[in-house]
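Order of writing sets the chain letters: A, B, C and D. Residues in each chain are counted from 1.
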């Protein structure tokens, strides 16, 4: 944690310097009203939201920086962010990165979990899924897939199951920003949205030759 | 009588009258739980009739699987422009509603 | 009201009484058409539902159709209908195999009403949907699978 | 009205189908989905609510036993034609930029004498509990049907709101790293099977904004834009904003500004 903080600070320093003189800089969202907007945004939430809910509005350096650049940071800034995020990746205790594809299949389809608020919160203990199909094509049988992310159909079939590929899949799910700063994909491991073990199940869903991602 | 009127559209073409009905009703299945975890009791339209003038042109029985704010479309012969279509429904709580429209 | 009507129907002079009640505005005219088929709507499986409807084992027929799209963007509202080219169709019904109760709706079609009825139903999941038709006193059936998709943000 | 809906819905789906993958399975799904949406469009339960809203508009209610007919949505007292399409806007009498709902609540308070709590108690419907605001907004929205969205945000307060909306649009936070831009910042994408408008463009913002308020079949209710945006924040796994919060009005100002020039087709019907 301390190391993470240190890295964040380093990054802040980098961003503060005019390191992005490559192309015409885009105006940060909100322009001269950005500060007012931040204050207005934070004061717009119901007073009865518990503090630990409100904590979800805090931004880490990656979030802040991505917003500033409308998710399109200059290469140098992006590299800093990627380095910072790479350092956060943790692995399962037993070191095994391929879990049970059937569990992974379930997690890929589940889009619930983690909703708060007073109107339609998730019941306590509701499974938090990866919601992979919201953005990716995976098993052929599931026609209701999104296209925000690339198709992952035949992921293992096309890329094999080398140690390198397996590790890449795990790392990408754990912290997508380790590879592409400001990508649309959540950082599932960093936020403990998915446990390392759950991530290995999704890896198996992508890699295992028996998984419907590869078989059909 | 239930508060919200139905929307009834009836149009005549080549001697066939097409009737489309939209009804305001909760159609609660009796299987949903509320926020406190208690089962919300079933509340749904059970019976519906449609009449052309005084002649029955459709009888319907609904179960809880009919969607909220039910929609119904059917066709019958013998209607003429200006004729009256009267639709009535009744739900499992005994509430009823009758509305009418002219064939256009 | 339901109970009242049931009692009335069971008594010998039902028809006369019904007329009186209707005239008095106690029951809605046309409502007393037939008793809501509780047994059929309460039945769980396809077989029990068909039995409760008195339909036995209906023959599959190409002249019966489940109408509507093959895919639903949401299971809460699935447009579905029954149409048939068979003669003298007096009743049609919509059954959804994987719903908790298979029977969704049934329709009585007086003479002059086409065997072509559309409605919207709830489906808990992808399922075979059956159209049941009574023609010349005999039952016929057709089926198709309607896919219920998950949609939106997922929650 | 209904036929126009069908045409636009089908048009949108056809475009999406061609833009998407050319696989046979996908095109079959797109065809059936188009059929689904077409079937729903012919019989929008929001029409029932529109009628109810009209009744509520004219009904004398509240401690002052007054109707809403003198409510001014920016075009003069009682002038509803095209008013929704020009909101949010700055109102001199309150000194604030207001959207249709905050203005409606303002009128319920000033004209009818309701307290804010009374006026907003059922700002959205629940099974068995209807919402007057939903009905009224459906009615008011429909009065802009066929009218071009026109929120140039030229007044300094409107311009500021639009800019603050833009800021919120790109602001990431929460356990999924979400901002509005994640899903709504690119062209031609979809989430599951639902097309996502690129809300930073006129076309994308227009596609989204022109059909609200909209009946949502998954919810069995008409959703207003406040409800829509507050739920976006729920989906982002954020805490819950206040109803009528400035952040929601700011987002609306930003989106309506982007959508300016698009013709309204409301009430819509959606998944």
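What we mean here is this: a contact is a pair of C-beta atoms (placed from the backbone, for glycine too) under 8 Å apart; a residue touches a chain by one contact, two chains touch by 3 or more.
Predicted model, so just to flag it, every value in this text is computed and none were measured.
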Notebook entry, point to check: So which chain ends up closest to the centre of the protein, judged by Cα positions averaged per chain?
Noted result: D
Check: Once you find the CA centre of subunit B and the CA centre of subunit C, what distance in Å lies between them?
Finding: 14
Next item on the list: Report, in whole Å, the distance between the mean C-alpha point of subunit A and the mean C-alpha point of subunit B.
Entry: 48
Item checked: Whole-Å gap between the CA centroids of subunit C and subunit D -> 36
Notebook entry, point to check: If you look at subunit C, which of its residues touch at least two other chains?
Noted result: 71, 76-77, 79, 118, 120, 149-151, 153-155
Next item on the list: Identify all positions of subunit A at which a residue touches two or more other chains, and write them in rising order.
Entry: 115, 133-134, 143-144
Notebook entry, point to check: Among the residues of subunit D, which are close enough to touch at least two other chains?
Noted result: 29, 183, 191-193, 217, 220, 235
Check: So how do the chains connect up here, line, ring, star, complete, or something else (other)?
Finding: other
Notebook entry, point to check: Name the touching chain pairs, please: which are they?
Noted result: A-C, A-D, B-C, B-D, C-D
Checklist line | Residue ranges of subunit B in contact with subunit C within the complex | finding: 16, 29, 31, 46-47, 49, 51, 55-68, 70-78, 88, 90, 92, 94, 96, 98
Notebook entry, point to check: Which part of subunit A faces subunit C closely enough to touch in the complex?
Noted result: 109-113, 115, 122, 129, 131, 133-134, 143-144
Next item on the list: Sort out for me which residues of subunit D touch subunit A in the complex.
Entry: 20, 25-26, 29, 124, 160, 163-164, 166-179, 181-183, 185-186, 188-193, 196, 230-231, 233-235, 237-242, 245-248, 250
Item checked: subunit C contact footprint on subunit D (complex, rising order) -> 29, 32-33, 35-37, 39-40, 183, 191-194, 217-218, 220, 235, 271
Check: So in the complex, which bits of subunit C are touching subunit A?
Finding: 71, 147, 149-151, 153-155
